[in-house]
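Two complexes are shown next, each including chain A; its partner changes from chain B in the first to chain C in the second.
And now, the complex of A and B:
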């Protein structure tokens, strides 16, 4: 006799608890943006790590680079795949932005979507933004 | 419905739990063998190395013009804000008015009696009262700022440079209180509106961070001399203090030199040829 009440209650409970997900499903149409490769990054086809590793771990890689450059004065990074890079976000051809030329399309599109606010650019500068 | 005993249920649940945990454990074990683990970090080939970097400033060669050039070269290259710079209202709307007590400086001109307060004798040669003296971070051997820093944002590199990791600085300013030379400045506000022309090769700082001279660590890494040396027309020399064959040691051997407040025992690495 109580079975119906319990089942209805459970259904309502599950619906309410999952309401943020329902809400997002209905209101959001925007798909997650893909970081877009333009210019040099598109033609070079060599990065520090593979695409998926980079996607998942670029923040810890940058953290490691920062410590290496500032603390140990080691500025060259020869990756496991044999390519070597200047451990820098934005200075020179061989840095991150040296290859991934468009910061807005490469960094910002995903960061904005995922609502993360790394404070890199409070100090580091995008050479293209300085006129 | 199949009747399950408690025993058989626990068995199945246990095996399932192991299965669930296996994937992350495998991933973790595998992550060490690829990716960043095999990478090699190294110095640039043309890096300049010293056991202890030091600076010798020949006060006879320092004129007002040289001082101006040196300060300008250093501050321009390191994006040091100049609070007399007129703010571009279009780019930085609503910038607060400036408090001129809050200056930021890496290298600057000082009078003899302030640079060397313990050496100001009663009848000191008069020329010392007018001569410009260049002062900066002394990259002390026993740096009190390094001991004061609670986050190790300021640290002593193995080549003697007292360096700052701006990423780690929490802005507590203990280092500023500890430094007997006033070599450190605090960013009370975002410095960017006051940098005339941002040099893309060096970061700016953010609000709430302490900064000071880094002996151009970024240039030594590329095999270049510091900016002040290049702009000094031979008045400043930077080299290895621990190498008896080095140019700076030769200069120290031939001339009478003094250091700032050396009675404090910080062992400054900046020498002044008198």
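And now, the complex of A and C:
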């Protein structure tokens, strides 16, 4: 009697531990997004930081940019590779979205995949949406 | 300095360095990212099942509930149905409170000499172990559940909701998750308690410090990846998704710190069934908590009893009736 309870509990526990495995078997798993350079970014070939550095660190960079613009009115960023950029997420040709034109591909695909919900777009707008 | 905590501390450092240098120096990503996590999860499950089945097959010859309230008695005496249950409902409630709120830890007392002139030994209520344990267990649970975002795609909305609640204090970028901070703070508190409270130091062994240092190491590497050194999350998620869909891949550009984190987690899983951490399974089987206190109301037959050859009084009288009557002893049946 008691042993049956224990075995039942054990089976539930094992199933719970293995849940990441069977959950992906019974649901359709979305593949990792393939980052793709489109529009201006494709031809430009110069970004603020290197590829992996940018992937890992862009949120801190944007945070520093925000402080720099809002508190010091300093809007120019000179990157390690010598290029200078306008410290802006979405305004003008020299901003992030000025070069990487497609927000859905450039921002959202990875953020959705990694379940990251940045609050950038609570203030900023996608320039494409205004037109 | 105390070798009981120096050795586990060194061990955790070395384990981290093994993974870090193994990846950064020897390029063993496949081992620390794929082989060892699989081995660890298998060892965890096999060890866990083995341990619990071992416990399940041990005999429970009699009931040994600990009681912290009035037993069921005469109808006009009020019974404490949770602390001294005589029904399975009461036992269930007691177990739920024990598992989710650590009720018996709440009763923790400490013995100390009074600081005034009387200098008497007295016992007082000590709540901080309970607070620390509760903070540690729940933040660890939230951190564990949050990690499901690396093992599901698309991420279920319940996990997203948990992330939203956990990140409700919007500090910095990436935003701070409260559970991670509480986890590190609580483990450090539990460690400080073992190191600085002489009475607890005295009963602490290496096996008490090792899981603590391991979890501190896991929390520290995790927090450092999220807030300080930064890692390529999408790359890491392709690795973890590869693990759970049995098509493992090693992403480019992920630093040794991540593999160190994964290795420490794998060590924790593999070590789990052999350690005191098995109280995860053991709490359900605590004999003093999961039995109703009905030792006298119900008859409990010892399951070990074999067929004892008995000689009842009736048989005894049948045997010696004539001699008893002769000797003038009273008998039940006079024939």
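The working rule: the second predicted complex is superposed on the first by the 107 of 131 C-alpha atoms of A that agree within 3 Å, B and C clash if a C-alpha of one lies under 4 Å from a C-alpha of the other, contacts with A are read in each partner's own complex, and residues count from 1 in each chain.
Please note the rule applied: a contact is a pair of C-beta atoms (placed from the backbone, for glycine too) under 8 Å apart; a residue touches a chain by one contact, two chains touch by 3 or more.
Predicted model, so just to flag it, every value in this text is computed and none were measured.
Asks: Kindly classify A:9 by the partners it touches after superposition: chain B alone (first), chain C alone (second), both, or neither?
Replies: In the superposition, A:9 touches chain C alone.
Asks: I'd like to know which partner A:87 touches here: chain B for first, chain C for second, both or neither.
Replies: First partner only, chain B.
Asks: For A:119, decide between first (touching chain B), second (touching chain C), both and neither.
Replies: Once the two structures are laid over each other on A, A:119 reaches both partners.
Asks: Looking at the overlay, does A:105 come into contact with chain B only (first), chain C only (second), both, or neither?
Replies: neither
Asks: I'd like to know which partner A:75 touches here: chain B for first, chain C for second, both or neither.
Replies: It touches chain B, and chain C stays clear.
Asks: According to the stated criteria, A:57 is in contact with first (chain B), second (chain C), both, or neither; which is it?
Replies: In the superposition, A:57 contacts both chain B and chain C.
Asks: With the touch criterion stated at the top, can you tell me which chain A residues are shared between the chain B interface and the chain C interface?
Replies: Residues 57, 119 of chain A touch both chain B and chain C.
Asks: Please name which positions on chain B make contact with chain A in the complex.
Replies: Interface residues on the chain B side: 34-44, 47, 155, 157, 159, 163, 165-167, 197-198, 200-206, 217, 221.
Asks: Can you list the residues on chain A that touch chain C in the complex?
Replies: That would be residues 2-3, 6-7, 9-10, 13-14, 17-18, 20-21, 23-24, 27, 29-33, 51-52, 55-57, 59-60, 62-63, 110, 112-119 of chain A.
Asks: Which stretch or stretches of chain A touch chain B in the complex?
Replies: By the definition above, chain A touches chain B via 48-49, 53, 57, 61, 64, 66, 68, 70-80, 87, 90-92, 119, 122-127, 130.
Asks: Sort out for me which residues of chain C touch chain A in the complex.
Replies: It comes out as residues 41, 44-45, 48-49, 52-53, 55-57, 60, 148-149, 151-155, 159-160, 163-164, 170, 172-175, 230-235, 237-238, 241, 244-246, 252-253, 281, 284-285.
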